[in-house]
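The structure's right below; bear with me while I get my questions together.
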């Protein structure tokens, strides 16, 4: 439901090569074009190939052949139901992350799987649709500013994951706002619609949690430097993204607890209100039933009833009824129902 | 209840031998035939014996004698209430997994215990009934395609477990659909039947969880290569099944949480509706009881009551009653009950 | 409440000695008789002394003196509120387990503490009452069949613990049946008695859990062979009992979750039913109160009321009431209350 | 609330010195007297100084100076809101435990902090009020029986902690009885008072838990012998207290779960009863409202109503009403409400 | 909401230098002044620069340049949504803590992020607003009393964190009082306002917990002495703060459990009260409806009804009604509703 609709159009290849010799960017149309470019990369540049679209299986297969990737790795690239994970093959580091994009209009977020395949001096990233989450990274490379340009491919991996995690904060902000809105509505007075909104939000949080929790482990492993492909100096950056992910998890858990508390608040205040309604009903019934009985008594058609023909009969009965009513109200006051 | 009914017929023996010298497959009828084939296996082939049916204890005993299997191992093969586990004896690796088969018609799934006994160049698999879950593996061996044919017996173990885990995804899909259906019905308006369906589904998930959780540990141990019978190169495949199992667990836990949330939604929306019903009751009672009292008053048979004989008496009383009604409604509006 | 009543009679001593030289069994009456037998045990036999009854403190003290047991160990033997545990003293391995005996008539189970004191070639077991749970072990020793006879005392420890754990399965089966019965009764329609049965069963499960969880740790330590008194070859048997205990724990937890779910089912279906009852009440009230008001109006004794003397007055009012009734029912149908 | 009121009177110093040379006990009045005694302790005795009362800060300061205790340690002695903990300074082992004293009359227990400062051959214990929990230990020393007399100061530490833990069992027994009493009252029929008792007991358990959980860690560290001040031979005794504490924790957790279950039982049986009440209300209303309508119809004052003047009119209406009543009851029986 | 409003005014620089040569304190107005002072610090003093205000990014940048701080560290200083953490760079130890200030009037607390950057002989602390939490530390330095003056910068770090943690206790006391107040009000009789107060308090506790939990890990790492910048002798002080933080966490968890219990108490006592209300309603209805029916019967206008003209008719009917009423009350007494 939240998974983005797969792009049916052609696969997009975006090839960036940078290094001391400069920066070159190309948008390639076909796989073959792409493979020919990759045939003989200059030895002193970092190559980043961003593949947008996984619906053409041949693309993945051919690239896998070109870089001698393990068949299981290729399977994982194509299977978009993966959990975030990190796997190492000889000379290849494979990372799966979930990209979330907040969509403020529909109050929803979309999920896309991103696979990063890191080899010495080469990084291939696979996106399902190829949104523009990586645009800031590309821009920084183009502008040549910042340290990104002078770094190895492992720093590029960091930059991409960082861009993905930045999106999480946007999604969380959106979810936080939804919850705050729901809370306001619950305090004003609950409606079925609000309850269902709360339910939907809790579900989204469940979903979010599933996407973020495993990422923590992935980044922790990268930070601890299990892989030769991650340079010592880059590990501090992974620690930074790791911190961000921990912060995201923290917020998700807090929002989940807040959601649970709101249901508690709803239930307890509803129970409170229902007791109030019940009291009103009981008070009304308890006051009026005896009074009605009295009128019923003198509504009977017996010929001989005391006071029937007396001038003060009606008034006396009214007085009796008034007394009954006052006594009842006094009892309720004593019971603190009024 | 979910455990498949044991086949009462004869035990089925399916013997496959493959290797560089080719592929041979035989369906054997009796244990003795089977033992004679196993007496002198050629030294360069992999032997896979698939035993379908555990009801004949002698089968297991004789096979155990032939391969010098530990008595505790044989006990475990026959006891079909095992948890998934992995045990190592000298030169023997014993693995128990639970096979689930989705049965879309009955909205249920069946469970069968599969025991895998791996020895150097020999694999014996025991199934309770011998369904056709292993058919794809057998087909791949027959066709000679893929890498399975050139691999050792440990890769065959992987292939069989992989086939079992693939079934889990089918079962999960089925369960996910059931839950989605129940949710739709709960939102439309709950019924006792839906509640019981929800309950049954939660139970199935509890069951599923018991079958899958221990498997994770089993595969983790295989991946970490604790056993000499698992070659270094095969471990990456066990890591892959491990990932699948983690994904299954993840989905099971999510479905469980979704189920719990649905009960919350049900309870809170029922409470909401009940409060609504109570309000209607209270409103009706509160409006009509005073009005009835007024009619009761003038229904009394006192001779002297003010306005009894007046032309406007009836109309005046009606006016009074109308006023009472309007005031009541105004109060309810102010209380936001209307 | 579930703890067996301590036997007040004399303590029972059952001495078994076996080994290559044969098998000898004696039922001894007094402690002194017992001590004299133990004074000079032949060097090549395994001695198993089973003590039934802990109420005579002197028994434990004297035996402790004879075998130089640590005072803390003796204290633990006598204190029957111990958790299952394993303790090592120099040359002595001390194990406490909880023996449960299912009692199908009373739908309850009894608990007894069993202490096993393992020394080289000697095993002393202390039971509170000395039931017949160890009878199968004794029978196997007597018959001389199986491997038990040729094994060391550590294997005897395994056999006794195995006999105790086998009882757990019987207790679990009994509890599972009670829960299934309760569920059937809850689905038919709840009663207070069923609720209290559910409560009692949940309590028993809590109790069961306390008896079994620590045993897991005990067996895990025995399996990992921390003690010199457990031979390498026997450890595989302790692994087997360990597996059984894990299975018992698994089942206990599942039953506990099932019990919790049943309460959920009960509560949600009761809420459902209560809403139904409330609706009936509200419908009846809402239909009849306005009708009663109409009759009340024409029950008033005003002289001048429209239509009082008309031939069609009564019929018109009936028609009005019928219309009101139909409109009300239509409204309820629209609200889906009918 | 449960914290004992601090004694305002003078601080009590109880000095005990024992060893091979004998046993000497003194009750000292002032700090200076105390310091002079401690100035030159004979080298072959164990010195135990028990300080009762922490309200005089100078006491702690002077003692700290005399024994060169770390300022942080002294701060901890005076701050009576500490969690149980164990800290090591050079040549000093500092232990904080919580002393509970069951007070059967008030159905409450009191808490006091006890600090133990162990140095070679010297032990100082600080109590808030100086109750008589340590009396049994003192008595054993005086009598010269048991092994305590011949042991080092570490064994004395064990004896004191053991005395404290023994009190926990008394408190637990008291709490268990309170819970059993509450349960009986809940089953008979709940009252607000019982609910509040349950609430108070759950709170006490929360409190108890906080006092006991950290102690487990403390004793586990002592048992594992992290400190040079604890002799190898004494560690087995700490293991014994450790076991007792684990047992206490176990019981606390069980009582907490029992308390939670009792609330469940209360809520579900109340819901059950409320549904019963609602049914009675609905049945009464449903039967009598139609009957009242019938009487209302013939209570109208129309001149022309069928059967008004007939001899059998009244009887016919009664017959109609009886039929309505019987039909209603039949419906309720079918719905199983009766 | 709880985050303090950022000070818009100028950033405050408070420079303290102390050591054997004495103590010097300066309040500097501008960054440049500050940098010039820091240009050539005497080699034998400890320099503590306290920066109040993070809204001027240039401040942080310039200081970072001066001390060659890692860009990620500077980012973290400015980002005030950090979790408490500890990070090590070459020769730099970076610590983030959350400062809470109890605000007794508004029944709320404010949160501020404090960053501590420890380098050899230099400590820079960044506060968001620069409250006066550090005043006691400054005072102690000024007065020259205590050991602070003679210690290295690591002890200063300890002193600052200790001052922050001391504030937590004040916040907890405030929260504890709020909860006690809420409990009193709940027991007297619940109101919606109390429920919302409880909800708000639970939220604050959630918030508090998030601020404190990670701090535990931070201090545990400092105590275990992972960093070269923390001297061996200072570690015991960090252990002390660690203990305080554990105590804070303990109290937070206890307060959270108490809050959850209070909701339980509220819900169960409300259910109890509602059942009481329902019973009153049912009793009243059940007694008066049959009585009203009787009066309705004799209110009918049939000419022929038994006893209509009898002198004792009215009295007989009253007697019948009295009997009905007494029977009803007897039934309710038997059902224990009265």
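We just call them A, B, C, D and E in the order they show up, numbering each chain from 1.
Rule of thumb we're sticking to: a residue touches a chain if its C-beta (ideal position, glycine included) is under 8 Å from a C-beta of that chain, and two chains touch if they have at least 3 such contacts.
Not measured: the values here are computed from a predicted model.
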Q. If you check the contacts of chain B and chain D, which chains show up for both?
A. C
Q.
Only C-alpha atoms count here: how many degrees separate chain A from chain E in terms of the superposing rotation, rounded to the nearest 5?
A. 70
Q) CA centre of chain A versus CA centre of chain B: separation in Å? A) 26
Q) How big is the gap, in whole Å, between where the Cα atoms of chain B centre and where those of chain E centre? A) 42
Q) Which chain C residues reach two or more other chains? A) 267, 271, 274, 278, 281, 285, 289, 292, 296, 299-301, 305
Q) Hey, which residues of chain D end up touching chain E in the complex? A) 70, 72, 75-76, 81-83, 85, 87, 89, 189-192, 195-196, 199, 202-203, 206-207, 210, 263, 266-267, 270-271, 273-274, 277-278, 280-281, 284-285, 288-289, 291-292, 295-296, 298-301, 305, 307-311, 313-314, 317-318
Q.
So in the complex, the part of chain A that touches chain E is made up of which residues?
A. 187, 236-237, 239-240, 243, 246-247, 250, 254, 257-258, 261, 264-265, 267-269, 271-272, 274-275, 278-279, 281-282, 285-286, 289-290, 292-293, 296-297, 299-306, 336-337
